[in-house]
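One structure follows; several queries about it will come next.
Letters A, B and C mark the chains in the order given here, with residues in each chain numbered from 1 onward.
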């Protein structure tokens, strides 16, 4: 594993009235694949947008975001400089491949365009032939022909491969994927996941992979961060977090999302374990521990923001009454 | 590979009507759509969305229909709920024909069969109060006394786990999971025999998905319903259903009892679908994305395409 | 049977009010207030010829001066607001009452009938509102009533189009499918589901059409085809003042400002309402 490519420290995002993200810190090394999981409204996409400098007007970020090879804090860079970094040193693959592509432009030209913008390929002809090569490398059959088609003439999986080709065109150091396979069929998903992992590995790129699907993140990533209410509540190696979670939210997600038993057999039909309630809207999370209004173990102590407990090996959690640890005994009852 | 055809329902465990009449029967159902002309000389291309489907569902059975986008599963649903007419073939519910009937003649079907939809936002009229949403099937069925309707709506809200004061609110004031509860309450209103659920949990977060699956399970059990559950997600179908029909390109390629289908899939496409599901246990056991893709490619043989 | 586990229900969110809406509402409000005042009070008797000098500049006695026929301009402006609003209400009313049902009907009847409605619509759309009104005036004589109805008829297609387009998208939603599955007939679906959901767009369309109707009435009156002499109308005032543009510019400026004011007001109101009623802002 290489040096840190992306380093995020104390990232916070807020509108004028509502805080959306708080105290998000993590680093990703080159060649490392890190998953960011959480339900809708947890702030995972916002984290990606903040790192890319793509927050919409009226939403401001504070903290520091550092990218290897670029001096200082990316959050303080003017838009003009960020535009140069985006698409070259860091790139993003979006959920909806149809809306991420320009419907009125041939896909080959769209791939060639990013190389021309960033001056990777000086001449038009070179960019064009390089685009066809790229389309070939992302596993599209008959790439020369595909390059001449428009997005609507391709299937969802093919379009997502085009989006991947655009993101990879300038060999970014950091690749961010935001739910890249959620809109795809399950058989296509398997192939696109493989493509993303393979391409990131070939370029030794740092991968930030955002998804709500725990099984997908476990398949793709080696490290995972669990996000809820705009905060990272637990992080660590996938096997550790998913087999021995400390945070009640992580455990709840695990229990609710896997419909089969650990040995792969069918789970007894009656009563799946659930997490009580639902994800509150932005700005309606409780203060202190963001999960406490849905947590069975919550007590008076949870009204303070829980400190980050290091488990070593880059793993940790933010919970006053962690699971698995001795300290949780005796605090089981809810303080009403 | 020949399609494995087990059209007949499996006897429902614990119920003594193994040989009862099927509550739903499809015989060689086809639905063709004519695409817009692409040329003035050639006839317009025809899409066979549903292409010769046969099926029998026993009362009380839970049948899953699985397929990827474009498999024709949504069209099939519209056909069997009488919202669309088949090009040919027969559809019978409780022995009565559904195909070829006008919507006025299908009033009885509206009380026998009810639907729950995928998107809990767009399936509830944003400008109607919960009271009116849930009462709509009752009004349509001719229950005119407002007091009686209200009483029924409150009972229904309770049976789907929503508080009584939800009755005066609008859909946008609820979370996705709560909206899906409202959908289920509306579906239960006319006391149907068959519940048709079209991807009811696909738009929900994982933590809420389990709540809604439990709810569906409870109402199917509690109200003694027959369930037709359509999904693209095999693992959800496996959890919910007794029997699964795998659909591709308008045809059932395999129909089998759930556990049999998972333990010993017959059709290549079924194998591919099962292989493609990323599972937590397999991933933690070391199955990488490359391994997952390999399995899918292997099962697909030569015919892989996105 | 199931325990209630999702108890918190979000409180109804207040809709954000935007500046465009407020400015539009204020501008329109002033006109409505003006028209209302004219019902109970005017500085001079309506349209009376005064025993004073013609072409007076605005002064203490005659706040906005007097015109060629020695009538009080301020009184005419007050009364003209009434005409303007009346024309707008009747024209938009005719257009909406005919256009909206036609649009819903066209959206709900898939076959030749829907096509027939929309194609006749297209034909009507090919006639400029003004041309239609001139034709009407030629046949039935120039009067405010004829002008109002003619403008209304000419505005039907735009209502039918907007309604049809948004009705089509409402008809594609799952809640309409759900209503059909619940056994609701087409009339109930049109009234209970389609109409309330296209209403916001129709309201926006109405306020824009209102502005167009005001302009059209002014133009007709200016051409001498709308409101006849002796009745107060801002367009009429412009028409009568054109020959004295140089010597008494205020006689052109004042009704001109009034027309611009009301058109701007209704346009802003329409834009503001569009944002205010946008269901996307309402969702969360």
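Here is the rule we use: a residue touches a chain if its C-beta (ideal position, glycine included) is under 8 Å from a C-beta of that chain, and two chains touch if they have at least 3 such contacts.
Just so you know, these numbers come straight off a predicted model, no measurement behind them.
A comparison of the A-B and B-C interfaces places the larger number of contacting C-beta pairs at A-B. In this assembly, C is the chain whose CA centroid lies farthest from the centroid of subunit B. Annotation: 47 Å between the Cα-based centres of subunit B and subunit C.
One finds 31 Å separating the Cα centroids of subunit A and subunit B.
Residues of subunit B in contact with two or more other chains: 175, 177-178, 211, 214. In subunit C, the positions touching at least two other chains are 5-7, 10, 284.
The residues of subunit A that reach two or more other chains are 274, 278, listed in rising order.
Contact residues of subunit B toward subunit C in the complex are 81, 83, 103-104, 106-107, 110-111, 113-115, 117-119, 121-128, 132, 136-137, 139-141, 159-163, 165-166, 169-170, 172-175, 177-178, 181, 183, 186, 189-190, 211, 214-215, 218-219, 222. Interface residues of subunit A facing subunit B in the complex, by the touch rule stated above, are 39-40, 155-158, 161, 184-194, 196-198, 212-216, 218-220, 238-239, 242-243, 252-264, 266-267, 269-275, 278-279. Across the interface of their complex, subunit A is touched by residues 68-69, 175-178, 205-211, 213-214, 217, 232-236, 238-240, 258-259, 262, 272-273, 275-284, 287-290, 292-293, 295-297, 300, 304-306 of subunit B. Contact residues on subunit C toward subunit B in their complex (touch as defined above): 1-7, 9-12, 173-175, 177-185, 188, 192-193, 196-197, 279, 282-284.
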